[in-house]
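A quick write-up on the structure given underneath.
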Amino acid sequence: MVPTTEGPFARYEEYGIEDPRITRIDDIYYITYVCYSSFDCRAGLALTRDFWSFERVGLISLPDNKDVVLFPGKIGGRYARLDRPMTAISGRRDVWISYSPDLLYWGDARVVMTPRPGRWDGAKIGAGPPPIETERGWLLLYHGVRGTACGQIYRLGVALLDLENPSRVVGRAEEPILYPAAPEDLLGDVRNVVFTDGAIIEDDGELRIYYGAADQVMCLATANVNDLIALCLKDMET
Amino acid sequence: MVPTTEGPFARYEEYGIEDPRITRIDDIYYITYVCYSSFDCRAGLALTRDFWSFERVGLISLPDNKDVVLFPGKIGGRYARLDRPMTAISGRRDVWISYSPDLLYWGDARVVMTPRPGRWDGAKIGAGPPPIETERGWLLLYHGVRGTACGQIYRLGVALLDLENPSRVVGRAEEPILYPAAPEDLLGDVRNVVFTDGAIIEDDGELRIYYGAADQVMCLATANVNDLIALCLKDMET
Amino acid sequence: MVPTTEGPFARYEEYGIEDPRITRIDDIYYITYVCYSSFDCRAGLALTRDFWSFERVGLISLPDNKDVVLFPGKIGGRYARLDRPMTAISGRRDVWISYSPDLLYWGDARVVMTPRPGRWDGAKIGAGPPPIETERGWLLLYHGVRGTACGQIYRLGVALLDLENPSRVVGRAEEPILYPAAPEDLLGDVRNVVFTDGAIIEDDGELRIYYGAADQVMCLATANVNDLIALCLKDMET
Amino acid sequence: MVPTTEGPFARYEEYGIEDPRITRIDDIYYITYVCYSSFDCRAGLALTRDFWSFERVGLISLPDNKDVVLFPGKIGGRYARLDRPMTAISGRRDVWISYSPDLLYWGDARVVMTPRPGRWDGAKIGAGPPPIETERGWLLLYHGVRGTACGQIYRLGVALLDLENPSRVVGRAEEPILYPAAPEDLLGDVRNVVFTDGAIIEDDGELRIYYGAADQVMCLATANVNDLIALCLKDMET
Amino acid sequence: MVPTTEGPFARYEEYGIEDPRITRIDDIYYITYVCYSSFDCRAGLALTRDFWSFERVGLISLPDNKDVVLFPGKIGGRYARLDRPMTAISGRRDVWISYSPDLLYWGDARVVMTPRPGRWDGAKIGAGPPPIETERGWLLLYHGVRGTACGQIYRLGVALLDLENPSRVVGRAEEPILYPAAPEDLLGDVRNVVFTDGAIIEDDGELRIYYGAADQVMCLATANVNDLIALCLKDMET
Amino acid sequence: MVPTTEGPFARYEEYGIEDPRITRIDDIYYITYVCYSSFDCRAGLALTRDFWSFERVGLISLPDNKDVVLFPGKIGGRYARLDRPMTAISGRRDVWISYSPDLLYWGDARVVMTPRPGRWDGAKIGAGPPPIETERGWLLLYHGVRGTACGQIYRLGVALLDLENPSRVVGRAEEPILYPAAPEDLLGDVRNVVFTDGAIIEDDGELRIYYGAADQVMCLATANVNDLIALCLKDMET
């Protein structure tokens, strides 16, 4: 899948496309991705059935919006997605949720989760892979960013959203679960970054997190999904 | 109609509501307005039948978005609105259009019109009242802003959008049609501002533009609608 | 009283001195004022007995600090003053209080009152004249600032601080009591500004507020002190 | 010693406490530290006798102020400390000195030392460990910062302050004495940073400098104190 | 004279041309003007003999440069001009001088005069009309700008440059000679601005200063040239 | 060659000199270099015949200007150089060309090449070593910069300028030819930087590129000049 140079999408993909997130709904793989152009960032939606041919479905947000990811199926009769609008007035970088009857027209948006000032995720946050359904809620991997005197540090954290009403945060781990420490995280085009758009849960409960390190190489980390859920809930009990 | 302090809208109306634009569709008056809170600006939709009681319909955009106004009826089977997203990355302030099957879920957004650098509308633009249907196209009053060493100047301009495909600009006047010049425009809380959210077209073709001057008093200006259309088209011919 | 050009104060008064606030303690008139230099703003303390000769007492704060004003006497055995530090990290502009055993060495500082986002005093606030002792508390006139597309608007508001513990706000009026509206407020070197550093209470309870308009002319406004107290308390009861 | 969550300090330690500097005065160890909260940075003072229990003494500055460190005893009858106010107007980052009769109330502040534009310490400077008394003056280790296209570099420098009047700089080395070069300095959470808050002088004149590298690991560097003094004085002679 | 739309100048005049300054050298009237485009501001040189037809001579500076004005004849065998480069790194706005053998190729630039921080001309300065030759030196009218909470104020000042070496300032008046005070200065498109590009000296020594008020109307002010010289020199003597 | 501390150059070399580029014209080696001072960056010209003694020729630009490099001889009867003005208004960082009859007075400047938004050279570009004459045009090595969340990345690219009219770009490679990848590029004072001011072409067509890595060490890279030319032209053909 490459940026289009003709048709209605081309204008908004002029600088490229990035950060695809793949959600399977029935037999179709939907891909939400960032369209980057002189109009800044907005979300596109494509689909594929075979990963050989791709069909663009629609441009599904105004700018600025990134880190858009679909939930794997309808919730309460509607499709749902997470958003990360960037506001110009106060520079906010929160995670929001929107709903849709048909994947094309979106509305009823509300805030889900905000950065925690003074913490590892104090500057901005954004969703990672599609939320993973568990008995205790939707497990959300997200990146959190903190600014330092030498640039920003991107780490991964985890939260749990209510199954019926995913705009409600059930739990959120205090500390990051993955952070730049290995040489491949610390060197590269954009150092101090770990960033994931895709994760797969195995039958034995092992979560396989595919993440980019330093915007340069792909890596794999694993965790037990119950451990992650426990991290989310433990911190809530305190 | 006042900001709500309870229910799902309250959180986003904490700092107040502003800039209502009223569009009649059949017998209902729809009001698009700015919800202003610590989450910055987003668009709300309310309705009234009698201007005594108001019903909030939905929060219809993510932040940052302002100057949202509905077209008076469906176009090609869909409702349409104009948007003015504010982007954080490049600070863009363009006019966009979105579509909806039901006024609640919106999509298929695209750019309509951008500021003209170095001109009176070079810094930002935004829709004014609901677009007015004419034989030559949708007549759009919009505000254009230019920065100066002593603050910004808000003026009104006029453009014509295609009847069938309102994302296409048919014509756009070179010069503003109304600008701060009277004492009431030049003094007040926010000087050098003329700004309109409402205009009424009379049977004889007179357009009555109700505008705020200096964010302090309401004024009335009139123009012949055919003159405004001619301004839009004349400049295109050159 | 003019900027010194020799001695330890000269270095910090290089760009001038401004905004003197006069507090009578016993038979001495203490003057807190802003020292402005390439090191930015800090507070100076001078005294006079006759308004003919002035003696500089000390430089009583680090930069950046403005709008420093003394309470007229000791509270709980210590002198007290209000501060308005300006922070570089988040750009905060709050009113603080500090205490001193001797007017020279200051400490035990804490926040008293903060701007109210989205309101007329949402951008910054700062103390005006010395707080006025009343039965219901220390009556504080303060300026509140809001940013607009055409520059900032300075208005005056009123609050009531606890007599024994002036770091506690007893009441604070919702709306400003004085704002730029007269021609002399709206035109001038720095338009849209009313700003006061001095007020006198008469025996009949009339408060005489001497204020600068547009940084250009001095004006006089009056109010009944009980009315102002009522404004502070009424809004608290809601 | 951990951030308090109750009592008068809690509000100002909400985001944490950092950069403790320990000064022994008689048999008490005083700790000046940064209180970080939504009100930005200010200085706290605590004490301990055994490093098991800690007692908070007072909040001893307004915001923004960092890198506050006490001299080890009175000078001319008063306690003294170094400050690093951050000004919002011009963004100054100078080292200042303040005095106190009792460690609680502070005043008589003045500038001691400023960054040297275009040099390794051209962007900002701040005191390191408590100044060390020597025959030639107070030996001050300080950090100097320079901005580059890839973030800031923190290095350590050395200066000598007058014994009787420590606001007077007797000498200041031209070049840094310690800078990021080892792998542990160059990689980590905040790369290119060496930063010290503590140093101990041995009987043989060896100075043991404990410093943080890349905000991640603690390291030890040593130097002969007379060499450092010579560096300060040599550059003055030129 | 209007912006060109063809040829080598068109690219740099896309947004318009402004602030022409006319210098007579022999029988030719040379016009230095600002070329404004997406490449920002640079200086153009045109000439006319009759004010009916204009010939573009050359683009005589890189961006950013404004307020370029020629001296009326050679000095020491070379042509001379004043410049006002705007630097991106520190935001400097100083008056410089450059020299040329032929009006086309320029060099040997140096600083002439800088803003005076904390004063009426503390933010930026720029040359006005061509310098006027007097017995005591080149009389230079210049604009000085100060920022306030409500936007910038443009005033006119006066300085005297050495006849033989015009990079040397012989004298500079402390206070402005003309500032916004009349209604036409205070209201208009860009309020609080007086700005001059042209002045004529009469045989009786009266200087006729043609200035724009509030970027909207042209006005005339007069002064005796000897009074202006005295202002420049008096302040030097102190 | 060291910064001067006396004479007309000293004032502009106060913070140092950097980035010398050496162009041989006849038997003289001309050196264009950056003069860095509180007046920001401007270009100086020096010469040497033996690399033992250096003579300053002139200060050949206003600020801000960097990356100035001479062509090795006259083109169309004039000397030529490349410039990189930095504009304050829009923050432009383009490569320009200027001409001179005598190396001292410069003019007739125009834009040569601009950054390509969204690409590896999207933020700023600047010339490297003196352009190298080839049959197909002047081969220009230049640095291109892109901003990331963790600071800027400096890479080297290549373009071909017309032999007769070097303001015309004949070809420009799509991708960089050298970028930070080796440890010495990725670590150091200013990481992620490769930057060259000098290159030598051997008789066999091998280009020896001497470049700085991370502002810390000097490295050597080689390439065949015909390969570089092919890269420039290939991308033009598409």
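Chains: A, B, C, D, E and F, in written order; residue numbering restarts at 1 for each.
Here is the rule we go by: a residue touches a chain if its C-beta (ideal position, glycine included) is under 8 Å from a C-beta of that chain, and two chains touch if they have at least 3 such contacts.
Small disclaimer: the values here were computed from a predicted structure and weren't measured.
For this pair, subunit B with subunit C, the centres built from the Cα atoms lie 41 Å apart.
If you average the Cα atoms of subunit A and of subunit C, the two centres end up 48 Å apart.
The multi-chain contact residues of subunit A, meaning those touching 2 or more other chains, are 38, 150-151, 187, 191-192. The touch graph of these protein chains has some other shape, matching none of line, ring, star or complete.
Here the touching chains pair up as A-B, A-D, A-F, B-C, B-E, C-D, C-E, D-F, E-F.
Touching subunit D in their complex are the following residues of subunit F: 14-16, 36-38, 145, 150-152, 154, 187-193, 215. Those residues of subunit D that touch subunit F in the shared complex are 117-119, 148-151, 153, 183, 186-187, 191-192. For subunit B in complex with subunit A, the residues that touch the partner chain are 8, 11, 38-42, 58-65, 83, 85-92, 94, 96, 98-102, 104-111.
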